[in-house]
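Below you will find the structure I want to go over with you.
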Amino acid sequence: MHKSFNFSDRDGLINLLTRIGRNWAIIFLLIELIFFSVTGTGYFSLLNFQNILVASTTVMLLAVGQTFVIITGGIDLSVGFIVGFSGVICAKTMVTLVAAGASQILSIPVGITVALIFGLVPGLVNGLLVAKLRVPAFIATFGMYGVAYGVAEIISGNVPVHNLPPAVGFIGNGYLLYYLPGKLSLFRMPDNLAPEELKLAVGIVPNVVIIALFLILIFTFILSRTRFGQHTYAIGGNMEAAKRAGINVSRHLIKIYMISSFFAASAGIIYVMKFVTGRADAGSARMLDAVSAVVIGGASLFGGTGTILGTVIGALIIACLEIGLVNLAIPTFNLYIAVGAILIFAVLVDQFFPEITYKK
Amino acid sequence: MVPSRQRRHLFQCLDTICIFPDLSAMKNKINFQRLVLKNWVLIFLLLLICFFSILEPAFFSIRNVNNILIASTAVLLLAAGETFVIISGGIDLSVGFIMGFSAVSSATVMQFLFAKGAGYPEPVCIIAGCLAGLLLGLIPGLVNGILVARFRVPPFIATLGMYGIANGVAMKICGGFPVSFLPPLTGKIGNGYLAYYSSKSGLSLFQKPVLTDRADILALVRLVPVSVIIVAVLLIIFGLILSKTRFGQHTYAIGGNVDAAIRSGIDVPRHLIRTYVISSFLASCAGVLLVLRFTMGNHTQFGATYELFAIASVVIGGASLMGGKGTIYGTVVGVLLLGSLEIGFVMIGVEVFYRYIAVGCILIFAVLVDQVFPDLVHNE
Amino acid sequence: MDPILEIKNITKKFGGLTAVDDFNMHLSPGEVLGLLGDNGAGKSTVIKMISGVYPPTKGQIYFQGKEIKIQNPMDALNMGIETIYQDLALAENLNVYSNIFLGREKLKKSLGLFNILDHDYMLAESKTVLKGLDIEIPSLKNKIAMLSGGQRQAVAISRSIYWDAKLLIMDEPTAALGVAEQQKVLDLVRTLKTQNVPVIIISHQIHDVFSVADRLVVMRRGKKVGERIVKETNPDEVVGLIVGSVEG
């Protein structure tokens, strides 16, 4: 486009190294994949890659929502329990509707919609606390974390919600395509399969991945191309400047926290669809992984920087690592050590490689 | 002079609250309000105690006070360490897992020495284990401090990373299972009391009187748990360090304005390292105390969120996450508030998860009070 | 000539503290007014009321003959009142042209449905305005964090120029600049005068103010203590007004 570096130009070389350094995450991911594929068994397979994608969904969605918040210089600690909160609401709604005689076709979308709507409420409250009452994000969202958990437990009566309509699991664990040599079918296993054929059938592109991908693509577009995204970065860079330029910062921040909440709610609903049960504590262990993913992906906790692509790579790094360790039968507590180390490494590397300078 | 933003905010709120035309009455009302608000946590705690005692008279008993204190010991130590870090303008997310790490380390040492077939007497095992736990527990703090001070990693990230690493290492050491088979004396120390009183045998120090009659055993009054004494001593020591020494003063200075601190000659990096080591040390004290109480060493579970309750207590106790404010005393009241809440809820039969909601609300209220009345100085 | 801006009996209190007390001022088209005073005199507060950051406690503001109520910065910007703040109010993490268009980004339609940022347009327009002001910045795609103080000031000024300011307020415009760049800024102010754009300058550099301003208003402790025509006074008298040794 505008920069052309020839290697005799020292600045160009520095720019190239800077580019590589700033994009270390994706290189790390590739190295990871290669390493595990070589040392593990069955790692480099369609089945395994799909496993990784599915396993990373919760963290990925939480992390993408978190990216918006972190870019504005805030943080959302409540997402861990919004997952459970909306999952429980979704499950309870579906169960109640089905028990009242409604069909699956009706109760599932209704359950999802209700959960999404309620899932926005914590985000709204977070946004109001942070933007209007100027409560520090850390505190406000930690308060909400507790409240969401408490409410989720109340709704679920402290036990996981069961007896969901079976179609839920079908969607949650299904694939877009099913492939058998000679047969290809959409959304469901091909009919009339002999037992041996059933074993060989391969699912391609899990449904939950499609849903997550869809959401992520939409919001990547929003963050990178629209005025809303631009203002998000501006607020993170210099909130006062944004205010004086006429941006309605309070309203914008409320929307940001609602986006984070929305993604957490989506993660909760997908959880329900995968495991066919609603748990109040779903996702609580994943929250700090989500923040780690955002930071590994290049965002700064001070705000103003970060991309969704980076976050996605960060989430994949963690997920690949986790599955890789399982694959190599290494105890998973090493995962915590590894993620902690990568996180610190991420910050150190970002410090060494400053911004790219344009010359023209 | 154009007032600072905080001052303006304060005046705006005073404007809305004080409607008395009489100037002196207004001043008195302001003073009273300030007094109330400055100590709102303590007042809230007392109200809470009354509330719970009315609903469940057993709440207001020596045994229950002991329970609350004992249950709060771990968080008290974690929060005390966190106080130093937060005042300096940082944060330490790893304290919960450092506690588990040191618990596991000290228990492993004790078990190792004890199990070597009557080779070492119990007290030696125990002391060795405690020392091991305390010394090893300094390492995460050192690493945290170096990352924050020398490598300028944001504290949130550095301690988040350590959170994972400490937990992972702890689990590695114990293989995921609690470390047991420790010398029995361990539990006696951890669960002992300063004094026991019974109508039969009178007052006895440290030794639990031998009673055979079941009624006598039930009527035994236990005074002041040993674990609480240990914690109290630590809290007093570190509280004095924070409020009376130059080290404490510098901690506030760094939290208030790090540039000013640097320029006045304070060795900020070294100070910060020490701050995180203190936090780590107190967390490892908490871990060793756990081993003494439960006669086993366990890594910290994921759902325990000790660090968040520690941080919440510190903030409720008057500190600001921006740094420069806070006291050990305030933190202690904050911890006791949360502890009473938890035990109180259990005693009156309210589901424990309601306490999350309560804690969330109290936390937000604490911050709002701090914003509206920023002049309430919380660093004496 | 009718004044373009009139401030009548403006007062601003923050609780018990009066920052601006019964302040009156007027400004005519093409006039450059210097607003002077020591620290804490209330100068910044006055212009923040004009630019929408604070609402006045009492008093009225008339712009172009009509009384106006400025509730927020966007109101002021929409009326053509552009302000260059002492701290420049630039987003360091965004590039030059994004800052020039901050809050007023140009959009274009994508796929006929969505409004996305029109980067090419903003880049081209920014280049034009910077070239017109004879300002040297290597690439407009660099982030503000990489620019020098003078370059940042230039970006802030270009932002105001681009949006066709009807009134320009400059708070300490030459504070962080080298000598050559200071002169450039002052030349800019003179250019604006020829275009009949009124300017209010707050500055501690009395000589700068003397070289471009037509009139001076001096504030002290929130009140106006003196008003002089530049040609009829001298720096010593003005300093005296500022510190209070000369009565207005």
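Quick notes on this one:
As written, the chain order gives the labels A, B and C, with residue 1 at the start of each chain.
We take it that contacts are C-beta pairs under 8 Å (C-beta built on N, C-alpha and C of every residue); 3 or more make two chains touch, one makes a residue touch a chain.
Note that this is a predicted model, so its numbers are computed, not measured.
A simple rule picks the central chain: find each chain's mean C-alpha point, then take the one closest to the mean of all protein C-alpha atoms, which gives A. The chain with its Cα centroid farthest from the Cα centroid of subunit A is C. More contacting C-beta pairs link the chains of A-B than the other of the two pairs A-C and A-B. If you average the CA atoms of subunit B and of subunit C, the two centres end up 51 Å from each other.
Centre to centre, using the average C-alpha position, subunit A and subunit C are separated by 44 Å.
Centroids built from CA atoms put subunit B at 33 Å from subunit A. Looking at subunit C, one finds that none of its residues touch two or more other chains. Interface of subunit B with subunit A (complex): residues 147, 151-154, 156-158, 160-165, 167-169, 171-172, 175-176, 302-303, 308, 311-312, 315, 321-322, 351, 353-357, 359-361, 363-364, 367-368, 371. Listed in rising order, the residues of subunit C touching subunit A in the complex are 51, 53, 72-74, 77, 83, 85, 87-94, 98-99, 102-105, 107, 110, 114-117, 138-139, 141-143, 145-146. On subunit A, the positions that touch subunit C within their shared complex are 2, 221, 225-227, 230-231, 233-234, 236-238, 240-248, 304-305, 355, 357-360.
By the touch criterion given at the top, residues 75, 77, 129, 133-136, 138-140, 142-147, 149-151, 153-154, 158, 280-281, 284-285, 288, 291-292, 295, 300-302, 331, 333-341, 343-344, 347-348, 351 of subunit A touch subunit B in their complex.
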